Amino acid sequence: MPNKVVTFGEIMMRLTPPNYLRIVQAESFDVTYGGGEANVAVSLANYGEEAYFVTKVPDNPVGQAAINHLRRYGVRTDYVLKGGERLGIYFNEIGASQRASLVVYDRSYSSISQAKPEEFDWEKILDGAKWFHFTGITPALGDNLAQACLDAVKTAKRLGVTVSCDLNYRKKLWTIEKAREVMTKLMEYVDIAIGNEEDAEKVFGIKAESTDITKGVLSEEGYKEVAKKLYDTFSLKGVAITLRESFSASDNGWSGLYYDGNEIYRSRRYEVHIVDRVGGGDSFAGGLIYALLNGYSSKEAVEFAAAASCLKHSIVGDFNHVTLSEVINLMKGDASGRVQR
Amino acid sequence: MPNKVVTFGEIMMRLTPPNYLRIVQAESFDVTYGGGEANVAVSLANYGEEAYFVTKVPDNPVGQAAINHLRRYGVRTDYVLKGGERLGIYFNEIGASQRASLVVYDRSYSSISQAKPEEFDWEKILDGAKWFHFTGITPALGDNLAQACLDAVKTAKRLGVTVSCDLNYRKKLWTIEKAREVMTKLMEYVDIAIGNEEDAEKVFGIKAESTDITKGVLSEEGYKEVAKKLYDTFSLKGVAITLRESFSASDNGWSGLYYDGNEIYRSRRYEVHIVDRVGGGDSFAGGLIYALLNGYSSKEAVEFAAAASCLKHSIVGDFNHVTLSEVINLMKGDASGRVQR
Amino acid sequence: MPNKVVTFGEIMMRLTPPNYLRIVQAESFDVTYGGGEANVAVSLANYGEEAYFVTKVPDNPVGQAAINHLRRYGVRTDYVLKGGERLGIYFNEIGASQRASLVVYDRSYSSISQAKPEEFDWEKILDGAKWFHFTGITPALGDNLAQACLDAVKTAKRLGVTVSCDLNYRKKLWTIEKAREVMTKLMEYVDIAIGNEEDAEKVFGIKAESTDITKGVLSEEGYKEVAKKLYDTFSLKGVAITLRESFSASDNGWSGLYYDGNEIYRSRRYEVHIVDRVGGGDSFAGGLIYALLNGYSSKEAVEFAAAASCLKHSIVGDFNHVTLSEVINLMKGDASGRVQR
Amino acid sequence: MPNKVVTFGEIMMRLTPPNYLRIVQAESFDVTYGGGEANVAVSLANYGEEAYFVTKVPDNPVGQAAINHLRRYGVRTDYVLKGGERLGIYFNEIGASQRASLVVYDRSYSSISQAKPEEFDWEKILDGAKWFHFTGITPALGDNLAQACLDAVKTAKRLGVTVSCDLNYRKKLWTIEKAREVMTKLMEYVDIAIGNEEDAEKVFGIKAESTDITKGVLSEEGYKEVAKKLYDTFSLKGVAITLRESFSASDNGWSGLYYDGNEIYRSRRYEVHIVDRVGGGDSFAGGLIYALLNGYSSKEAVEFAAAASCLKHSIVGDFNHVTLSEVINLMKGDASGRVQR
Amino acid sequence: MPNKVVTFGEIMMRLTPPNYLRIVQAESFDVTYGGGEANVAVSLANYGEEAYFVTKVPDNPVGQAAINHLRRYGVRTDYVLKGGERLGIYFNEIGASQRASLVVYDRSYSSISQAKPEEFDWEKILDGAKWFHFTGITPALGDNLAQACLDAVKTAKRLGVTVSCDLNYRKKLWTIEKAREVMTKLMEYVDIAIGNEEDAEKVFGIKAESTDITKGVLSEEGYKEVAKKLYDTFSLKGVAITLRESFSASDNGWSGLYYDGNEIYRSRRYEVHIVDRVGGGDSFAGGLIYALLNGYSSKEAVEFAAAASCLKHSIVGDFNHVTLSEVINLMKGDASGRVQR
Amino acid sequence: MPNKVVTFGEIMMRLTPPNYLRIVQAESFDVTYGGGEANVAVSLANYGEEAYFVTKVPDNPVGQAAINHLRRYGVRTDYVLKGGERLGIYFNEIGASQRASLVVYDRSYSSISQAKPEEFDWEKILDGAKWFHFTGITPALGDNLAQACLDAVKTAKRLGVTVSCDLNYRKKLWTIEKAREVMTKLMEYVDIAIGNEEDAEKVFGIKAESTDITKGVLSEEGYKEVAKKLYDTFSLKGVAITLRESFSASDNGWSGLYYDGNEIYRSRRYEVHIVDRVGGGDSFAGGLIYALLNGYSSKEAVEFAAAASCLKHSIVGDFNHVTLSEVINLMKGDASGRVQR
């Protein structure tokens, strides 16, 4: 019996030059669609949950294409609004070796960013839901969306829906000051927070020692400290942190940790050879939500989330096209990549 | 010795699903760049003129790609400004048979549409120029650009630069009333006007009898009437009108006429099997400007323009990638399409 | 308020060499999915109906891809069964000029062809439905599916669901004798029959005079005769016949007629330049069902169906990706193919 | 029991921009291989003959790729020499509508053009052969190859092998004077000549009245006259002429005639919608040779050749990928292009 | 002077989503053809041997395409039968990092799997041959093919043809019990066995200690033990074992060993960065057969086989497109991957 | 204020099979354009210099395409001559793992290789220039080009233009003896030499101890020795050497050193995961020239050059499409490859 899960945010068209080409070289773009919360919805649909994505897209073929992409992968789009001016776009160069992946956003004035809070009927949307998820990107799109988020989490709280939030700080969307103000208000209604050290520091000034993310050196202790501070500051039920070690655009270390108020669980650490790392964090969030929704222990939950997001790095596009059994198989230990016949 | 020609307007990224796919089916887009005035500049560069395109593009890889596309085809980009938020985009489905080609514009808030009139140093830009060309799209982008156009044509007039304008009415950009007001002011400085019956009627209320464009029926007499009225109303030196007969999205009739104040010259009529018809009118304008700049007679000029734009219908993208000798060869009569070895 | 419509049959993977290549030349195949009844479901979903497709696909990524393709285009797949050995495949060369399109079927042993009649819970599937549609292909897949069809139409009849059947004779699937025996039994429960002259002749021995389909000569009188005979023989509520004039693989004449027991209505005749003609008949059926479900007159219904299927010839793949407004626009007369901006 | 047939000439790499792009736009080329005599060999292999192609290619992966392409389509490459500097290349833009297809040759210094006559062991190559075919291109590659052709046809004559020659005048390879001198010598050993009016006029000064090939106007009488003159001048056993009416790069009329010394047979005339017309004449030659080798009457032979080459216009690449039964089917009259299921 | 070598088995169409896409994401498939024994034949043709592949394919364009693919790469297809229902297909996702490559078989009811033993005239096929090769896949296709294999190896033995067998256990084709029964009978006629630890254990219950293939840990001692047991049990002339260390789907260790009854030779160990690992074992077998046929010492033979199959991991498709000199160059030690100009 | 820089040499069409395919497998080639000196010009244009490339290309669409490719990336083509027979071509297989990248040259008889020294007006070309760069490939194209190089460097010297030369020995173009004779003469006018150990040894017999390039073992001391010897022998102002460690075709170590007469500076050493390594050395030269032209210290210059060329290994094609800020960012230490949003 699938659980109803609702995620809320922006879905963008993603335009990616094929074969490691740069934008100035490209004569074609591969087109997919994605966004932090949409990516989470796809993960949950893949694992069998009834996942709804809430957004607003323009009433034209481009908006329809975004809806179709979600439907294709099993996401329910019943609450998607149509109208407004445009679908947000982002251009994404796939990096390699020392050349970083590049994201050029062209998301201003998107339909969702201009939507009014009252367009969303949260009572109806969250009716019967078990979980509501959003990220720090959604309220950053404007005061209107910050308000919509607040409406949503308040309704969720009232209806007994668990709320998770991936902090996801985007410096191009708002200032640190604005982010802190808005996010602090929203955190009051959040049960599970997900982030990385940078997010916590940027958004809430919560920081760990001795980690230089450009060097790929991670202080595990620092992260644990951050998790606990977050947990305590906002009276959460759980805090998850993803730990990316950036050796190069082609190779990363990847793991996560989860603090449930009692103990901190660090997942297995994966060395990933990257096909496409966009959506890595979202796939972790999607995995974590699935695991917590389905009664996994804290230890199992972080392992499931880490395995799911490890696999994401091998998948083209924002969405994590892996099955439940593939995640469980990796989580249980088979990372050999042997051919499955 | 090439002539310096300047065109002014917007260049957009064009995203086209390959192989007649619709946007909702597309997993990739072919990417080219184009816009009414940029297309004219490419035509002129192809024929050997020193063509400058003036616009503003964002200072990011997407803006750079637009510049590169122009440079590739020989257009000088010395006066292109960098800054602003975004490059305009348009999505373009290639129609076939009874299914019309579809254009979805996503051009709002583009860098050029937000540029200030004073950013353009027309004295410098038009220094030494022989010709200045713009279309009705540029002033439709906003009052700022209407002012920039006015600045440009006034400077041109003062410097003795011939000015041409393709009326190009775009109903999604402005109302008929606004268009009439702005365009009437600009026409005072225009020497050569180019348009089709619809443009003249929409923008200036100048109309011909008994033509139903959706039926593909053209009244030649009506068009002549329109040309003369335009000529007289705005004290022009020449008026050109393109005549498209739309049998289907795959097959059109195509020709043009030119009125030089004395006589009206109708070009040969071509039956074109369409590969890509976007930019058809622009390639006519580019051909006409080249011919008039190079001392062609009125009769020759309209034949050159018609031949050039006939060929455009067989070229992928907005730009008309044909050589001077190819146009002349067709103009002189070889429409057999025999293999050139 | 959308109507629930159910279609039942096989969905196959379609492998098409790109760019007019032949199978022996192909180094890649474009992959889409389609089948007579699935194609009808997509048409209805496009027009806003709640369309369900019933079938069985293997429980592997290939079967999942077929489901995803349906979901993407809005078809409900709630009643799709999973299991069995394989998804049927067909290879499809796109012909041109005098070279015919070629279909190589590899559909034997598909999951749906091996499904047992009792796997389909027609009470539940047809609960609340307004319309049930199948084609002559489904019962031709085997006695098991002939039985499943019989179960379905009997249930439909009992529940007051309108039943339509596209005769669609496939000589590679069964003999004329077998077809006649099975189809005659099924026709007892059918309200609306759709076919072409060939179908009626092959399946029921109902034939018109003086038409040689390989010559592209159509006797309208003959077709009317066939429609009436079908209507009378099986006490139908309506008979539709599609009329294809095959001039070449690139150019066809296309129209339809509909007999409602009182009068025969012949649609407008279209000359189509073909992009992809597979699914042409299905798009006619989809259009007809939509029109009849929504209270169109007989005349309007056949015009809607003809316009919808005219457009299909310009769409890549089996599915007819056109919107309601596009069909209505063509039906009302704009076949000019002018760019829609 | 297949007949051994030998053809001799150059095979080149053909580089074609995809999707009607021009060379200056192309970011990729489709690569195939072809050449007048190789194309004939492929046709014959397709129809079941044992076709050998004789040439010389460089001993590198590019030369190997040419060999592989021949082998793939059933041509025997036992007598292909390896060595020399390079494989000839030609760039080929696919034209459309009034824009002609364009061929840019880059064939100088190819391995075959530099081969020495004594490298070819004609005794061995022609041992057991029934037919030897070459075109006017081969001797035009240089005096060495003119000599090799002479060696070949003399040996053929001695061994009782029928010799055919497609005149195929290429003005970029040699002058009219040189062509006439060399070809006249070779014609002494030729049994069947194939050409078009232009060839006969250019090479031998044999011309027909009142035909302007750039206008698409064909004088059938003129062609008959040319055929008879050729027949008589060189004491041939048969003369075939292909008749192309070039309406545009997209649409041609196509037919052929054959004179056997008694009567002139004109084939059915096809209106072809062109996918790729390169190799059209070669596919006619291939069809004619097959028909004459297999005892077809003169009338049947020209119909078979015309049907085969009609189909070629719908096939991508130089080679005519059609089966014997497809040609016979068209020859017998089904040009409807109806789907073959 | 090339040696005649015969291999016998199934060739399938392989459909691979491009660019690491998963099947559910794919809008196109790259199409190649392959199968254990066909792959070996291509290797041998590449090295200059006269390699024949024996199979049965359907008499349609799909079957012809498989034949053409073999011919292209130099394999003789004289003994390929035509008929039956279909060509087997397999879908193949290319894995990366921790995501394993995935194979979905759709090979049931293929023409070869339904062929009758008496259709193969082994006397003729093996006439003049030096070597016969098959794998454990062929007899697993059905009792008919197990019989055909038995016929083949008995004939081979009688004619003095060396027989090799790659054990290649496929659990989806037959049970361990069945495999053991059939393979034991066939081994009586085998001279050279090739396998990996898993094969030997699954098929014959011969196993080594302390190797966990999912962990990528290899016990060299264990493998030697297996080789010797196989050698002794079946009175072989040689046993080869491939040793794959699966670190991930992107990186493997690769080597082989060969036991000639006297000594065990372990090849150099390669760390391979994988482009496409399907056919890796087959390319080892192809290399080993070539080496043994051409008088290489045991040590050289295993080094040649290991180098050949190391290179295979960098080649797209099942076939190992490398030249003799490339293998020898690597075998002699240049693994630097420096550009060859 | 950009510096005028001139480079002189050949630009070739580069044909690359996509996706790691080999030439014998390719059905299409990706087409780019490149050559040692053109690549340097693009680097300099990217960093903002006014870079001119001097060459000769055929006056046809293929030559034009090469010019367009240069213009696209900002290189000035004012001094490019048109004429001659052909554009040089090279085929380039992208290697992987132990399979080396392969280059097949087809550059003989190119327009530039046949150009006459007097066609180049060096007074005009070098007027106002700050730097002139060529490589050892240009004089290797023939005595005519050796003379043209000599004319160029003499003129440069006279006009006070700094001259750099990348030794770039190509064994297929000339013998060691010839190279030594010609290069020795040219070195008299050179200020900055760039090379690798192999070049110095091959061209001038200057060699270092104990380095086996096929083993990937580099003796830093040896390289320093070579640099000093080069410096002293030819009275240079600077010597740069690139140090490639070839672990495999997929992974290399990469660094450079620079000797300015006082000290030797070794750059940071990068481990690069290779996308496309052609043009790696040229991007080093381009970086070095930029740095020296813009007043970087010796230490900074070699770091800039190394960072620029490190990034090149991740860029498709010959040209190094990176921005000044990207190089500086890497040079300053961020090699983490983290996504740039």
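First chain written, first letter: the chains are A, B, C, D, E and F, and each begins at residue 1.
The rule is simple: a contact is a pair of C-beta atoms (placed from the backbone, for glycine too) under 8 Å apart; a residue touches a chain by one contact, two chains touch by 3 or more.
Chains and their UniProt names: A, B, C, D, E, F = 2-dehydro-3-deoxygluconokinase.
This is a predicted model, so every value here is computed, not measured.
One copy, subunit B, sits rotated relative to the other, subunit C; on C-alpha atoms the angle is 120 degrees to the nearest 5. Of the two chain pairs examined here, B-D and D-E, the one linked by more C-beta pairs in contact is B-D. Taking shared numbers over all numbers used, the subunit C to subunit E interface scores over half, which places it in the same class.
Computed from the mean C-alpha positions, the centre of subunit A lies at a distance of 44 Å from the centre of subunit F. Measuring from the averaged C-alpha position of subunit A to that of subunit C gives a distance of 42 Å.
Chain contacts: subunit F has residues 18-19, 22, 24, 27, 68, 73, 102 touching two or more partner chains. On the subunit B side of its complex with subunit F, the touching residues are 68-69, 71-74.
Of all residues in subunit B, those touching subunit D in their complex are 18-19, 73, 270, 272-275, 310-311, 313-317, 321-322, 326, 330, 333-341. Against subunit B, in their complex, subunit A makes its touches with residues 15, 18, 22-24, 26-32, 60-62, 64-65, 68, 85-87, 89, 91, 93, 102, 104, 106, 108-109. Residues of subunit A touching subunit F in their complex: 19-22, 24-25, 95-103, 105, 170-172, 213-216, 246-251, 277-278.
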